[in-house]
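So, here come the structures, one by one.
Two complexes follow with chain A in common, the first pairing it with chain B and the second with chain C.
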Partner chain A sequence: MTKPSSTTTLAPAALAPISKLWATVGHVLPWAIAIGFFFVAEGSLSIGTQIMIWILFALSLDLILGYAGIVTLGHAAFFGVGAYAAGLFSIHFSPDPLIGHIFAIVVSGLLGLVTGALILHTTGVTFLMLTLATVSLIFEFGNQTRWLTGGDDGLQGMRVDPIFGMFEFNIFGQTAYVYALVVLFIWFLFSWRLMHSPFGRSLDGIRQNSRRMRAIGTPVWWRLLAIYGISAAMAGSAGALLAHSTRFVGLSSLSLLTSGIVTVMLILGGTRKLYGAFIGAAIYYLVQDSTAKINPHFWEFIVGGMLIITVLFLEGGLMDLGRIGRRLISRFRQRSDLP
Partner chain B sequence: MSLGFALTILLDGISYGMVLFIISVGLTITMGLMRLVNLAHGSFAMIGGYIAGYLTQGGTNFYVALLVAAIIPGILGGLAEVTVFRPLYRKAELSQVLLTIGIVFVSTAAVTVIFGAFPYPVVFPEYLTKPVDIGFRTYPAYRLFLIAVGGVVAIVLWYLIENSLYGAKLRAAVDNPRMARAVGMNVNVLFTGTFMVGCALAGLGGAMGAGIMSLEPSYALKYVVLFLVVVIVGGEGSFKGSFVAAMSLGIIDTVGKYFFSQAAPYLLYVAVFILLLWRPQGLMPAKSVA
Partner chain C sequence: MTVTSALSVRGLNKSFGALVVAQAIDVELAPGARVGLIGPNGAGKTTFVNLLTGFLKPDSGTIALEGTPIEAMSPEMRVQRGLARTHQINTLLREDTARDNVAIAIAERKKYAWRMMRYTPQWKHCTEQADALLRDMGIADVGSRQVRELPYGQQRLLEIAIALALKPRVLLLDEPAAGVPSEEAHRIHDVLAKLPSDIAILIIEHDMEVIFRFAREIIVLLQGRVLTRGAPAQIKDDPEVRAVYLGRTVV
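Up next, the complex of A and B:
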């Protein structure tokens, strides 16, 4: 049912030498902005932290949706479970954030492997429905087990110790910001390496033509299961960041709407580019934040409108604007090179 | 457990299933015919419901309101099919999911801005709100009304699909759209017409079923899972399948609410989960049955 999509160039190796400079700039810029933001925007660091959490979440979705071509609407399950795992761990076992974070990663990763093993042999709409059923089931579980999760009041009463016993989570959110940035950077390096490995290339192949990949001997199901588990663990990590930085976990972190939002972010930024998640999440969050001030429901208009326009006219997401721009520039240059 | 009690639960389940069926039947045909993953179907049901609510609160006759609640979503559906959905048929599933979710967001926001964020009631005629005697006990007239209308819709649709030329074309196009085009059928017109009928039925279902599935801005997103479940469980494009699926889901959900109120929310999803793992193509795939 999926049509073979064209292979997009993977920066930077495949780019022409002229744009090598641009590629370097592209790599440095997001991190420079993130580090600069820490010093400039002292008052609004919590917004920055939120954005990075969503970036990580969208990045995890890019691995399965963008690279492996797994169309899911159930990704919020792993995000929410990671958040609840981190929150419950800090309440019942230990308030140490790093151990709690690892616990959350393991729990959501295992959940990803178990649900993935059950449903990954299906494709298309059936798979989509199974992911919907999964996320709805987990949502209802969170809603019903009030004694454990606090139901729709959310999970309260978390205590979070200072990181390494030194850096306390203060009200200015400096620790939370750096914590989120470091975690995001580690996961980014990991994903970059993974997607440029033979494993990552095989996922690319599976997305384009899974039958042919099977025919040349790729264990398709195992590859998909592996990336599904990894992506789930990563989403859980984003959830843990959310729990630790806000000391609260809301039921909405498990909702279908959350799955929808993260998909919107990724598509808006552009899939299969890793940095697409950065642009998409940041722009989505800022638009939502500023339009919600005008009217609390206005952002839904904007987001819905952006989605419709992106699908109809801008299939590669906002990251494609750069490519379109570069193509225009190079065309302009070629023309000026003429005698 | 007395027989009367069992019958009551059965009637509750059937009336709920009828609403699910009326709303979902359009979706099953569009998904089977156009291979379109349409998450926006709930939006049309919601629009129908709000129109009926607005009109009946203003004192319009209930049946006139129902008619309008079917006609306007039908027209909107036709417009949307020609402008937005048609470019989507050739695109991958992901694009379809995204664009239709976009429509859900926009319609949700529009409804909130126009009608407010609170539940919005449809005013039913007084005789429908009273219980009536059905022999062994009294039973809400509203639920009987749902069963009656649902039954009529099901029979009319069944007759149309099985016996009319339109139905024959529809079945042919679901089975093999390329061949249908090749023998000279205008599949585009068939698509638009069918889409309109589907959206009109969704609007009707949303308006009628407002007593069970209350209207609120989150309606479109909240219930679309249920409608999709009916379609997928029944088998895409399968008319009979979606009827059976809607009835089963209505009854399963009602039984769950009566007997395992704690586990009820899971029951439905667990049932769907197991069923789809057991039969990924649904209960009655269109190509072998309809």
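Up next, the complex of A and C:
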């Protein structure tokens, strides 16, 4: 009561190191969980690998949907083409996974640049429809060219050599898990720097107001094309991980539903935060895995309900729960600091 | 060869079907010019700006910026060559701070905006310059605030700050004081008066007080044509202009 002003000014200063601590925890936690899972997961590593692959896929979508504001339903095209490229490369050229992986990244990245160049001059619903058309065309191409892709039987007969000739893809999935984790980590660092660069800044500006960006001389179309290609390459990398870890590529990897699922994951976790992809993909998979045991279709109900709640109440996805929690804690602390 | 003209527009024509929106428009802006463009609603003022900035393609005619033809260039190329504009309706990055709005423009001008992997040194440089510019404009205190929280008048000033950050040779001001309450308008007038003297400026404004104080030459547009042009005093007394446009607004 005597000095109310000093307590109110002191409180935020005292909180600063705490919020820095929170940020550090936020950065370390997902990776600590991922590494820890490797040691405790006994036999369920393959689901961990799957989650990692979907995180990477959702992360790639965050770059265009979240940051650049490109609303697409065709992202599965790049995921699936990456998977097929890795699969076909291992069958016809070399079973070395790393070369195959790079090949898949290049092929899907180029596909992103070509399809992007054709459709990125449009926006909104027109663009959405064109991405739908793109993914449908590629799906049908994969379906019809049975001699190449195996059609709806999927691509079989992949051979994958050990990584660096040392780490074999074994039945327990340790190699696949570490492989996916390392690839995800590299892409994450890349995305983090990319989105916190002047380039990332300009993409965020385009999302907010492309007219403003054109008025300051931003070549909007080229910027969008660049991120579209990068995002496609990343999605292709996720596809390659899928192909290498399962030694099989199904036609479903190219399907519209796959585009939908990855979008749901990203929205669920939260866009424009990179880590939203982590939470979204993990929650989606864990809910699917745990509730499918009760009833094979029950998980769709749960995920659907979660999505509705997220969209209605958590603008920034499940990531917002962290911020809300942090605000509650700091309010509680401030209150307890007062005499 | 010395460049005598900052912006030179010759015989600009544009029509949408049977509707002629620009007809044989000639405009010359010398370096440092202060030209006002007036005309009743629908006279083709905004169309003219859109033709200059490249959002519309002229049917015929030439536009030269410091001697270089620009009529075939994209809008962003024209900006990079030194043709900047402000918008009649605020066109800002509302989620970003005022400082970042300006800094992004500086990054774009300095060609930093393609840098994908390096952030701190160049960006810091841009934000420092942005702060300096906001200080010059008298809105240094709003640098860290989100644009959507800013009062309307300060958003108008920010529009001008962003355009100045591009270090233009020619600046098109599209109703800079539009919608600003009269008690705040003097801040806009002060900023207009202090704009760098080497920039050629074309100003569109409905507020005749602003136009007559700011412009040294006035062009009157009517139905896509130049009705008349001349010094402010001349325009004020022109009976034709008074008849079609000024009428009751100027005493």
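Criterion: the second predicted complex is superposed on the first by the 322 of 339 C-alpha atoms of A that agree within 3 Å, B and C clash if a C-alpha of one lies under 4 Å from a C-alpha of the other, contacts with A are read in each partner's own complex, and residues count from 1 in each chain.
In this text, a contact is a pair of C-beta atoms (placed from the backbone, for glycine too) under 8 Å apart; a residue touches a chain by one contact, two chains touch by 3 or more.
No experiment lies behind these values; they were computed from the predicted model shown.
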{"item": "Combined model on chain A where chain B meets chain C, clash or fit", "value": "fit"}
{"item": "Chain B versus chain C as contact partner of A:V303, first or second or both or neither", "value": "first"}
{"item": "First (chain B), second (chain C), both or neither touched by A:R211", "value": "second"}
{"item": "Touching partner for A:G325 - first (chain B), second (chain C), both, neither", "value": "neither"}
{"item": "Which of chain B and chain C A:V220 touches, first, second, both or neither", "value": "second"}
{"item": "Which superposed partner A:S197 touches (first chain B, second chain C, both, neither)", "value": "second"}
{"item": "Partner chain in contact with A:S136 - chain B first, chain C second, else both or neither", "value": "first"}
{"item": "Chain B versus chain C as contact partner of A:G157, first or second or both or neither", "value": "neither"}
{"item": "Dominant toucher of chain A (residue count), chain B or chain C", "value": "B"}
{"item": "Distance of closest approach, chain C and chain B, by C-alpha atoms in Å", "value": "14"}
{"item": "Touching both chain C and chain B, counted on chain A across the two superposed complexes", "value": "none"}
{"item": "Residues on chain B engaged by chain A in the complex (per definition of touch)", "value": "31, 35, 37, 84, 87-88, 91-95, 97-99, 101-110, 112-113, 117, 217, 221, 225, 228-229, 232, 236, 262, 265-266, 269-270, 272-273, 276-277, 280-281"}
{"item": "Sites on chain A touched by chain B in the complex", "value": "1-3, 5, 65, 71, 73, 118-119, 122, 124-126, 128-130, 132-134, 136-137, 140-141, 143-144, 256-257, 260, 263-264, 267, 295, 297-301, 303-308, 310-312, 315"}
{"item": "Sites on chain C touched by chain A in the complex", "value": "53, 74-77, 79-80, 84-85, 87, 91-96, 100, 104-105, 107-109, 112-119, 122-123, 126, 162, 165-166"}
{"item": "In the complex with chain C, residue positions of chain A that touch it", "value": "193-194, 196-202, 204-205, 208-209, 211-220"}
